[in-house]
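Here subunit A shows up in two complexes: once beside subunit B, once beside subunit C.
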Partner chain A sequence: MEHLLQVEHVVRKFGGLTAVDDVSLYLNEHELVALIGPNGAGKTTLFNLLTGMVPATSGVIDLQTNKQKYDLTHKNAMQIADLGLSRTFQNIRLFKNLSVMENVLTAMTSKYKEGFMTAVLRLPSFYRTEQEMKSEAHQLLEIFNLSAEEQTLAKNLPYGIQRRLEIVRALATHPQILFLDEPAAGMNPEETADLTDLIKYIQEQFKITVLLIEHDMSLVMNLAQRIYVLDQGKVLASGEPAQIKANPQVIKAYLGEGAD
Partner chain B sequence: MQTFLQQIINALSLGSIYALLALGYSMVYGIIKLINFAHGDIYMLGAFTAYFVINIWHFNFITALLAAMVISALSGVLIEYFAYRPLRKSPRIAVLITAIGVSFLLENGMSYLVGSNARSFPQVIAQVNYSMGGILISNIQILILGIALILMVLLQLIIKKTKMGRAMRAVSVDPDAAELVGINVNQTISFTFALGSALAGAAGILIGMYYNSIDPLMGMTPGIKAFVAAVLGGIGSVPGAAFGGFLIGILETLFQSVGLSAYKDAVVYLVLIIILLFLPAGIFGKNIKEKV
Partner chain C sequence: MKANWKYILSWLIMIIAGFYLINILIMVGVIDSFIENMLVMIGINIILATGLNLIIGFSGQFSLGHAGFMAIGAYTTAIITQHFDSELGFIISLIVGIVLASIIALIVGTATFIRLKGDYLAIATLGVAEIIRNIINNLKITGGSAGMFNIPPLSSWPTVYIMVCLTTIVLLNFIRSRNGRAIKAVREDELAAEAMGINTTKWKVEAFILGGATAAIAGSMQAAYVQTISPSNFGIMESISILVIVVLGGVGSMTGTFLAAIVLGILDTVLQNFGALRMVIYAIALILIMLFKPSGLLGNWEFSFKKIIPTNKKERD
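Then we have the complex of A and B:
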């Protein structure tokens, strides 16, 4: 079977440091996969490679969609976003000075393309797309309980809600694959439990594939169908949650020598 | 009181010109964090475009204004494409020096092409002076203020209400994140240059009509003053730039009216120094606290 996303022998060097060292992994359609590992293992760098923010030093990233194969290795972030890969950030990167609604609309722009002249001349089709965008944005915000905050500037939202909005913004690009970078960072156990339900809901309702980086093991073990463990840029282990939990190498990487 | 009101009228005309220029500075800074020193020369290009289309093709005021704006917008886009875009990932100082280079290129290029002598700007609209309670207002002054205000309102509408405006604001906050949600960052930056340069072009034709004289170096001083205006208002802030422009215009005119014309430029630079010392973020600027 062809995988939706196939990453083969990807390497990324920063000067003398090899942040991602010969990583191969794959994602299937509608899968929920977790990427775990100690700090500095190269998880976020891998996300940056997959979303085109930094180019790979070597290796291949292939996306198989609509019965077509796309080589993402040499595509830029915008082209990759157009192909349906979307992400959130470890440190929230919303458009702070834009309202909640505008954050979502901005992310929809590329899905509602129209000619420049149409927009300038404000032809009827311009208003139509504008209306369609707004009504879709309303729906999205409603699903995620953000309707009341539509006009609030993103920077004035509480931390937890900013995190949620960042996920909504990523969904507004109509992704096939959603990358979540530590979505539960800074959340209390109750918020984390809510988030776990939310991610599950997104994956099922929007029929998308999710790859998430997370340190919160309760969330990872509850959600993930498969887990990749990254350590010092390499894939240390991969498999189902139960296998990973029992893997002595993983325990060693996380807890250090002699913890058992 | 009468003289004071008279000077305010003059100040508002000059201030509108600075405001139009300062808006371009501020928008470009907002989106790529570049002080575009060639901006004043775009204004000169606008003035010369108007000069030629009026003299050669006998354009009327409105069509000449549009021509000046279109040519300036195109120049701005081309300059960004050829001079700044290849340096997008370079240190900021490299782009800044390039901007100074582009400025020299435009000034000397135009001196070479059209000669460095000042030319008198054609009277596309005959000047009419109205006297109201001893205060003299010319139709040109009203036109300058009116056009400037209309353009500022249009700009505000574009920035706040259109998709492109939304994209501009998003890119100015976080270009990487904008690209990741599918925004064409290059196109957005080009559009910003087009908008800012069109405003500079409009300022160019308006100043030509006001002072009746244009030359290839006419952009230098107003360019720097508009930069001061943008800093004063808080660089990156659109209302700040408009406000700063009017403030600099008022300041300059007032100094001139009390007989200190020789110091009117010096006082603008003094304002820059004071602002940088005591209010580095400007009046409308965001006070950004570095988090460590």
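Then we have the complex of A and C:
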């Protein structure tokens, strides 16, 4: 069976340091996969490789979609985003001085065409496109309970809502694969539980593949269908949650004794 | 759509009222040629500074080469209208100036924006403006360092007034569209913008071209109004004085740019009676404003009829 995303023997070196060392993994359609591992294992670097923020030193990344094969290895972040790979960031990177609404609309920039002249001369098609974009943004914000905050500047939102908005913004690009980099970082157990439901909901309702990096094991074990464990740039283990929990190497390197 | 007509109408009324107000004041004699000259200079500075504010305040790219684009417009108009001394010649020269400035902005923007940011970009754009000035300085057709004289007086205050309105409408429509959101996103966080599929270089260059084109319009207006231009008019001091207007008004506020251009224009005119002290007082005024209002006169606040006229349709912002 062809996988949606196939990563083969990817290596990334920073000077003398090999951050990602010969990693191979795959993602299937509508799968929810987690990437775990200790700090400095290369998880975020791997995300940066997959989303084109950093070029790979060697290796191949292939996307199989619409019966076509795309080699992502030499594509930049913008081209990869256009192919339907979207992400959030470990340190929230919203457009801070733009409103919630504008943040979502901005993510739709490349999905809606609106020429320079139509905008400057305010031709009827300008109002149509704006209307379409806004109503789509409204729907998204409605689903994620952000309607009341539409005009609030992103920087003025509470931390947890900023994280949620970042996910909404990523969804506004119509992704096939959503990469979530530590979505539960800094959240309390209650917020984490809400987030778990939210991610589950997104994966089912939007019919997308999710790959997430997370340190919160309760969230990972609840959500993930498969797990990759990364340690010192290498894939230490992979498999279903139950297998990972029982893997002695993983327990030694990351989970620690007595983890559930 | 219906709600929008209210705002469009409000703006239209304001533009026409402004025009007739100035017209009447000139007829009554309140505005003499001295004040009229001041108004035209303010208008030209508004065109220049709103264009630069688009580049600096909205797309977040630090450009110090605005005077270069102004020079392109000014010399194009001077050269063309000396051969075709008519309204049509002036309009053609305006268009040629815009096209030339856009092409140069496209080349410079594509070459520099991919690699350079912040201070380095400022120096590169400054360099480009100096190159333009030096080319003009050494060409025969531009009159060398002596400049050009007896340019036909094809621009007057109504022309400048109309061009101020037109360029402002174009810039504001640009900012309040998908284009404007994209360039603001690039300003806010380039990496995140790229991850959202936004072509950051393309949008930065587009804003730069639009800014450069408006600067060329201002240059054309100046050449046809003052009737004399020389390369020394378009040096680094001109670029900086446009930058001062932008910073003083508030980086990212077009309303602020208008206000700052008017305040500085009046200040400059009033201080002409103080002789040598003029530049000192001018500088002190700038320092005081920056000390007490570091974000500029208006920060990033914008005037809008939508804030004044209530609307029941919530989704219009």
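The rule is simple: the second predicted complex is superposed on the first by the 254 of 260 C-alpha atoms of A that agree within 3 Å, B and C clash if a C-alpha of one lies under 4 Å from a C-alpha of the other, contacts with A are read in each partner's own complex, and residues count from 1 in each chain.
Keep this in mind: a residue touches a chain if its C-beta (ideal position, glycine included) is under 8 Å from a C-beta of that chain, and two chains touch if they have at least 3 such contacts.
The shown structure was predicted, so the numbers you read here are calculated from the model rather than taken from an experiment.
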Touched partner set for A:Tyr127, first subunit B, second subunit C, both or neither: second
Broader residue contact with subunit A after superposition on the shared chain, subunit B or subunit C: C
Which of subunit B and subunit C A:Gln151 touches, first, second, both or neither: second
Which of subunit B and subunit C A:His138 touches, first, second, both or neither: second
Which superposed partner A:Asp82 touches (first subunit B, second subunit C, both, neither): both
Partner chain(s) touched by A:Phe14 [first = subunit B, second = subunit C, both, neither]: neither
Common interface positions of subunit A, toward subunit B and toward subunit C: 51, 53, 76-78, 81-82, 86-87, 89, 93-98, 102, 105-107, 109-111, 119, 130, 169-170, 172-173
Touch list for subunit A against partner subunit C, complex: 51, 53, 76-78, 81-82, 86-87, 89, 93-99, 101-102, 105-107, 109-112, 114, 116, 119-122, 126-127, 129-130, 133-134, 138, 151, 169-170, 172-173
Contact footprint of subunit B on subunit A as seen in their complex: 51, 53, 76-78, 81-82, 86-87, 89, 93-98, 102-103, 105-107, 109-111, 119, 130, 169-170, 172-173
Footprint of subunit A on subunit C - complex, ascending: 1, 4, 170, 173-174, 177-179, 181-182, 184-185, 188-189, 191-200, 206, 300, 315, 317
Touching residues (chain side subunit B, partner subunit A) in the complex: 162-164, 166-167, 169-170, 173-174, 176-185
